[in-house]
Every structure is written in structure tokens, then in C-alpha cells.
Amino acid sequence: MKRYVIIGNGVAAAGCIEGIRAVDADGSITVISAEQYPVYCRPLISYYLEQKTDLQRMHYRGESFYAEHHADVLYGRSAVEIHADAKEIVLDNGDVYPYDELCCCTGSAPFVPPMQGLDTVENKFSFMTIDDTLALEKAVTPESRVLIIGAGLIGLKCAEGLHGRVKNITVCDLAPRVLSSILDDKCAAMMQKHLEANGISFLLGTSAKEFQGNKAVMQNGAAVDFDVLVLAVGVRANTAIIKAAGGAVERGVLVDDACRTSLEAVYAAGDCTQYHDISSDTIKVMALMPNAYMQGHTAGVNMAGGTALFDNAIPMNSIGFFGLHCHTAGSQPEGCEMYEESDETHIKRLFVKDGRLTGFMLIGKTHRTGIYTALIRNQTPLSTVNFERLKIEPQLAAMGSAYRGKVLKGAV
Amino acid sequence: MNFYPEFEVVRNDSRCIRCRVCERQCANEVHWFDADGSVMLSDESKCVNCQRCVTLCPTRALKIVKSDCRLRENANYSDQTIKEIYRQAETGGVLLSSMGNPNPLPVYWDKILINASQVTNPPIDPLREPMETRVFLGKKPDRITRNEDGSLNTKLAPQLTLSMPVMFSAMSYGSISYNAHASLARAATALGIYYNTGEGGLHEDFYQYGKNTIVQVASGRFGVHKDYLEAGAAIEIKMGQGAKPGIGGHLPGTKAVGDVSKTRMIPEGSDAISPAPHHDIYSIEDLRQLVYSLKEATEYRLPVIVKVAAVHNIAAIASGIARSGADIIAIDGFRGGTGAAPTRIRDNVGIPIELALAAVDKRLRDEGIRNNVSIVCGGSVRSAADVVKAIALGADACYIATAACLAMGCHLCRSCHTGKCNWGIATQRPDLVKRLNPDLGSQRLINLMDAWRHEIKELMGGMGINSIEALRGNRLMLRGVGLTEKELEILGISHAGE
Amino acid sequence: MKRIYVKEEWCLGCHLCEYNCAFANSGMTDMVKALRGKTIYPRIQVETDENGITYAVSCRHCTDPVCVKSCIAGALSVQNGVIEIDHSKCVGCLTCVLVCPYGAVIEDGSGVAQKCELCMKNSCGTPACVKGCPNGAIVYEERQTVSAPD
């Protein structure tokens, strides 16, 4: 009977458990969970603040998930060392757990750049975990002035979550635009305008140089008074434990399509990893929930002796603020052509290179965008579809009758 | 001259959900959606009252009603008569109509009542006892003959075997759609009866149903070739049609497209004009030549049917046909349907099938040649009761077409000649043809025939008759109501109470 | 398992399936009350190709559903082969819309995702689109699994 150990208890870990059990019903599974909660998906914390969900409904799986999958969870424990030769891990309390197959799902952690006077700020929070969220929720009042450092996905979702529960919200970012990791200038400007129309203030192209208690002095000289500070500058992959064990690590733990690390019998999945993006043919950290699950599942199947590959990863994001949705996927490689369509309420930008769709940014109209995503993921030659019609709207009708016959006339 | 439309589209706006199915399904483009006012609008002048929109409207927000805007009342010059004159004054054209004569001429079926047994010769319960509805069509031997060794000489003229005394009568591929033909062919096969190609040839896809197909040879000879003749179970020579006796047919070039032209063996887009006469038939002897040509061509395997319209001298005509070598006579009454006919012909030429049938049966009996042929009657057989009455008047079986079309969805709007049948039956427009799914069309035909068979058995059982053969020509089972002495005499039945 | 399949040769493009779907999932007993004056968000959608061929698209209930794997809230799950959505858990991130290769998961007009659940959760029995199709163009039946398109 195999002994499986999973470090971490996020979505990648849940995928790993389900992947293992898809192949092996008998092996023992031990999950090392630093957090005290059963698996939940971290992006839900902003929806918690918005009261679109609650701690109960945030559970990623049902009550009996671990029991049904015969997995033991060690809550409140962290792994501190992997002895890959001895096939064992050491926990923070010194306990040693032997394994036959190990999966590292350590995720990522907030990255806080050194900022002068940060220690003088009393009410400062990260926005990653339920505990962060509960602490933040406790600290804010309807009179709070909130300053969020970072206008990325986390910072802006936090702003949306706090909207209506605080007096005002200011978001600053060193980048000159919001959501700089996924949107270009034009798209970002549209989203920013919408956020501003909903009462979020921005200070872009500048960041806090110094904190003096409840006051931030920006690089451009402006001063912002605040009651609550949220640090959402970015995240970094938690790679230390693999690195210490001698595994190959760059910005993330390097894994192949089977989610193997360079260490024997050690897999990794989720936000801690760095892997192949087929849309840009580069190896990068893509801290994305769907990919985390698919990696976890892939790792689990392989750990249990099955065969699975996750070989069509692309970056993609679905994110919305105050009713305006934004879908992005893939990449915009150098030299790509762009098809654009826009008006007051929406923008559509499709990026094409070498006769294939490599990426898109859509704001406002996100109906059936998965058809575009599939074109990127499947690297479909656009010569085989009616791309002129697809530009207008995503539709199977433009995919050719053979494809249609295949997907609509049989089970898939 | 503009008339106020004949029909009005009544839309209950409080029920309309703007799903626009009426708009999408109307080939006449009556309905449209006005985005400015977010309302459905309609142009009633285009409406033919086919009820497609009414039927598909999911909230019953629509009805089509007869307009009450009429010209000044006049018992002699009716509204319709006047408008027809206007139309002809404008166009100089012959008026065209479709389907059967709609005028209030006598329907003798409705004046004939069926007997039932009481006390003596008790009724039979068809659910408990066997009941035979099978009939054989074809020439019957005059007497039993024996071979030298005493065994029965069982060599019979070729026969058609019907599980029940009803067949689908001739409607050509061209006048009706591929899917309508597919529905008829599949239903006939499943039911163990026959459908009829009409004068349009047989699409190659339907050769597989040949065992249940009657192939027609008409005056235009469209689609006739050796394989065609051999593909069917019987060959029908069409001399005339009840809806338009004395004239031929005309399929406009716009309908002779694609497979229709190929199947008819005519150039695409050319008008298919069937002449009024067969140019090689001017006598019974000529007819006999064609009958035997066809028999010869098919090695005497197949019975030959001669179809004629019910006209004044039908009894004498039938007598001639019975001596021509034909195996079956089909008589088509003046209420029979058509895909297109001149209105004046349809509404004024020919005689009722009931009278024609009775006259023919009597004449052939009187002449002792009734067994030479089987008699099939058509031209508005609307129900199982009509079938039973027809059999008792002397028919071996009935042809139905209008009822079959109704089963497939026809709503008798009588606009077949426009080629825009919203039900996918009398059209060749691909977007309309696909509206008739033969899976559903054939099942509805099968259902209808199953229902009729049950009813026929019930009616037979009531009369104490357990075999349809025993009902044939059994006029004692019929009584007339409200008929004149002369009518009763021709029908060969007594008045109710006699 | 039984799934919904379309026979495009019989689809009339009448869009009744969309309205029947919207009504079936409205929770109301009267179609007029349910749909009049409202924008509908049906879980089945009629498409028209460049040749004018029409057909309806709804959830394929994939054997390896990418929407389920991508759901951040764990709201999508496979129950006896049927991909179901737990509306109480859905937060409306629409990641499922972003990943469904058939465009079969859609936003419901109120901000959360919805999809065909084969009328398992309403009182229809046979799926409403199938039952209401006037030409037998949508069927609910068992067919052999084919490999996913590549």
C-alpha cells in the first residue's frame, strides 16, 4: 500500500487527492495543512467580504471530502524539510513522515517589498487567506479609509470586497495602469474608469515611499491618510522547501507536463510551480486556480501509477468588478496581429500569430469566451475555421461542420 | 385593386413574449419584430391561414380569424365571386387553387348511416375475437380450377396484399417534398399498405420501399423507365384525377429543381407539363395496349391499376377498363385534392365519389365482370366511417391523400400552388422541406392508420362482420338519410327506416 | 448515460428550445408570467452557420469537464454523469464561461453562472428543449462516447 504525502491543503492538493483516488483506492494519503481550514479557494476571500459567500459555503468540497477520499489532514502543521533520499518529510513539530510519493502544493505567499516606516503602521494586512480576511474584516469600520498597495488582481478584488463597508478606498501601484499583469493600457483604462465610477480612487505610477503611522507619503510627493493598509503588491512561489532539498527551482518549482520535479518521487502542483505556457512557449509561474487543480490532479494520477499529462497550460483569468467582467487568456507574443472591436461598454482584443489565436482580452462581453480559449489551448490553425465569423462572436458554427459533428453528435 | 385581407392576425399582446417564432416560421412573411417599439407586427394581406404560427406560438398569443370586412351581402354574387372577378379583370389569368373542392356540395358519406346488430346475429367484440381487415387487390378467378391430379390450381393473377383497406394515393415528388415522400414510404412499409409515387418518378433513395410502392405512369411519362416500373409492387396508369378531370398537370419550373428534375428526368428549371390525354390512348383498345405493354415490361409480375376521375359516364368507362386487362380500377371523386388545379375545373367538373363508386360496382356486377378487377375509391375519404361506407358500397379499398397530408401536418390552407408550404409538405424550398421530419411524419401516419383500423374493426364488429371481405358491396348495411329516391337508387341503398 | 443531442438536419432555427428552457428553469408555472418583457438567458442556444444550417448547443456533460476542474468555488460537480452547478456556492467569477470549449456555460443575467442540467432539478422530466422541439431535432438518448476533439 502506497503512502502519499501532500504538503499543502489548497486546490492543487484537492486535485492531487482526487487524482490519486482516481487510480488508487487503497494507499494512505496524508495532507499537511498549515491553515486550520479544510480546502478552500483563496480567490473567494474577496467574495466573502462582499458577502456573496460565507465560511461554510467557501468549502471547496463537501463536508465529507477527506473522509470519502480516506485522506488524513494534519491541520496547523507545516513541512519544514524534505529528505528526498530517505523519502521522508519533517514537520515543524519535528515529526517525521515517510512517503512513497510526495506532492508539494505549497502555493505562494505575499511579497512585501521593503518600505520605510511600515512598522509604524498599526492596521496593516495581507490579503491571501481566510485568517487575513477575518482580521481585515474586524479592523474595518464604515468610517475606515483604506489604502491598498497594489492594483493587481488581489488588490482590486480586495477593494471590491471592501466597497460599501468602508468610507473610502484608495489603490496605488507603481505600474501606470491597473491589472498590469493581464491587461494592456487601453483595456486597463476602461477597467479603471469603471472602478473609479464605483468610487475607488487610484494613485498609479507611484507607490508609498514612506509610512508615518496612518499616513503614506508617495514617491510623487502626495500624501494619503488612511486607517487601514492592505499590502497586495504581489505573491511569490513558496519554493524554499524544494530548493533546500536540492530540487530545481527558478521563480517557481520546475515541473514537467507530468508535474514531476527534479527530485525522485516528488511532484509539485499549483502556485508554487513554474511550467510551460503553450501560448507563448515559455516556462513561467502561472498562479492560476484552474491550472492548480489540473496540475494537482495530473500529479495525483501519476503518483498513483497512472498516466496523465497537463500539457496545454495557458494563462487565463476571469475577473469582474462591480458587474463589469473581464476575460483574458494566452499571451501577446511579439509580432502578433491584433483584431480589435470596442465601444463604450466593451473591448475585444484578439491576438493572432502564425495563423493561430495566441491570446485575447475581453471586457464587457464575455459570452461564450471558452470557445476562444479552446482555440488557444488546442492551437487550432485559423485556416481551418471561419475566423471572420469568430471575430464577431464566439460560436461553434464557425468551427466547421466536422468539428461540430464530432462534439454535438457524440458524447465528449 | 386592393382588398381588405381575408384573414386577420389577432395577437394577444398581453401573452406575447416576443420569442419571434411566428416571424421565423412564416414563409409568407406575415410577422416581424419591430425593435423600436419592441412589438410584433403583421401584414395580414400575406396570411394564408395555414396556422403554423398559431400552432407554434408557445403562449397561445395568436389566432387567425376570418375578416368580417365583407362586400355588400349578395346571395348571388358572393364576396368570393366578386373578388375573383376583380382578380381576373386585373390579371387576365386562370384562377388556381389547391387541395379539394371546398364548396358546400353534397357529401353523401354524411347522409349514409351504418347498421349494427341487435339480438340476432350478435355483434362481435374486436378486442376478444379475431377480426380480419386484410384485403387482396387484383383480378380474382371466376371459379376454382383443379389440375389433372385433382390438386387446386392456385395460379392467381398478381395481387396486392393490404393489411387494411386503405392506401396513400398518388402525390408526386415535386408536388410534395422529399420528406413527405419519405414519411409516406416509411409509413406504408411499416403498415403493410402502399403509397403511390404520382407522376414524378421515384427518388433513388426510396427504391428500398419498393415492396410498398405503387409507381404511376401518367400522360407526361415523367420519371418512367424500366427500373422504375420494376421497383414498385404495382403500376398505376393515371388517366384522370378527381380534382381536375379532363386536364393534365403542370409542375412549374421553379419546383423542378435538383433531385426533382433528376427524378422526373427533365432539365432543371423546365416546366413539367402533363398533357390532358395520353397521346397514345384514344380508346379502350389503346388503353389495353398500354396495360399489356407495362405487364410485358414487368413480366406479368405486377398488377396494373387504371386510375380515372369520377365523371358522368364513369360506369361505362369502368366497364371498359375492366375489359382492358387492368387488375384494379381506381376512381377519384370530385372532392379529391390536388397540388394545383384551375379553380373552375376543380369546383365544377366531375361527380361525387359515392355515386360513382355505387354505379361502377353495380355495373360491373350486372355485367358479370366485377371479379375481373378490384375497385379502389378516393377523393375525400376522411375517416374510418367513410372507409366502411365505401367498402359496403362496393370498394375493395380506399385511397387517401388529404387525410394523409393532414396527418403529416397540413392545415388545409389550400395554398400548395404557392410552393411555400409552411408545413414542409407541398414545397421544394429546403428550409421549408426540413420542417417535416419523416421520423415524426411517418409515425403520425402510422398512428392515424392504426386508429382507423381499430375503428373499422369496431364498426365491423357492430355489424356482426368479422372479415372486411364480407362487407364489400354489402349495401344492406347502409341506409340513407335525407336522400331522394333517385339518389337512393343510384347508391343502391334503402332509406333509413325502410 | 443519456445526453442531449441535436439533429441539425431537422433544426428549424425557431428558437423555441431557448424559450422552453428559460421557462422550465424559471420556477414559474405560467410561461407568459415567466418570460414576458424579460431578457432570457437560456441554457441552450441556437446557432446558425454560414450555410444557414441551425442547431442548438447546450452542455455536453463532458466526461472530463474542464469547467468542473476550473471552478474556484467548487460549485460545479459531476453527479451521476450530470454536470451540476450549486448556485448557493457560485460567486459569479465566470471562470467556467472562460474555459468551456462549447460556450455552454453562461451567465444567468444576475451575475452567476448557469448551465444545462438536463432538467434534473426542475419538474420537467424529459428536458424541456427536447420535449418542446416541434421537429424532433433535439433528442435525449444514450450514445457511444467519442474521443474529445483535438
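For clarity, chains are labelled A, B and C in written order, and residue numbers in each chain start from 1.
The criterion applied here is as follows: contacts are C-beta pairs under 8 Å (C-beta built on N, C-alpha and C of every residue); 3 or more make two chains touch, one makes a residue touch a chain.
Please read all numbers here as calculations on a predicted model, not as lab measurements.
> Counting C-beta pairs in contact, pick out the pair of chains that comes out on top.
A-C
> Taking all protein C-alpha atoms shown, work out their mean, then name the chain whose own C-alpha mean is nearest to it.
C
> Please work out the Cα centroid separation of subunit B and subunit C, and write it as a whole number of Å.
43
> Quick one: report the Å distance separating subunit A from subunit C, using the average Cα coordinate of each chain.
Taking the average C-alpha coordinate of subunit A and of subunit C, the gap between them is 28 Å.
> When the C-alpha atoms of subunit A and subunit B are each averaged to a single point, how far apart are the two points in Å?
The answer is 70 Å.
> Quick one: in the complex, what on subunit C touches subunit A?
Residues in contact with subunit A: 3, 5-6, 8, 47-50, 53, 55, 57, 60-63, 66, 69-70, 72-74, 88-89, 91-103, 105-107, 111, 143-146, 148-150.
> How about subunit B: which of its residues touch subunit C in the complex?
14-21, 24-25, 55-56, 58-59, 61, 431, 434-437, 439-440
> Would you pull the subunit C residues touching subunit B in the complex into a rising list?
Those residues of subunit C that touch subunit B are 9-16, 18-20, 23, 31-32, 35-36, 52, 132, 134-137.
> What part of subunit A is in contact with subunit C in the complex they form?
11, 15, 41, 43-44, 47, 52-53, 57-61, 289-290, 293-294, 297, 316-320, 323, 325, 327, 329, 366-371, 373-374, 377-378, 386, 389, 394-398, 401, 403-404, 406-412
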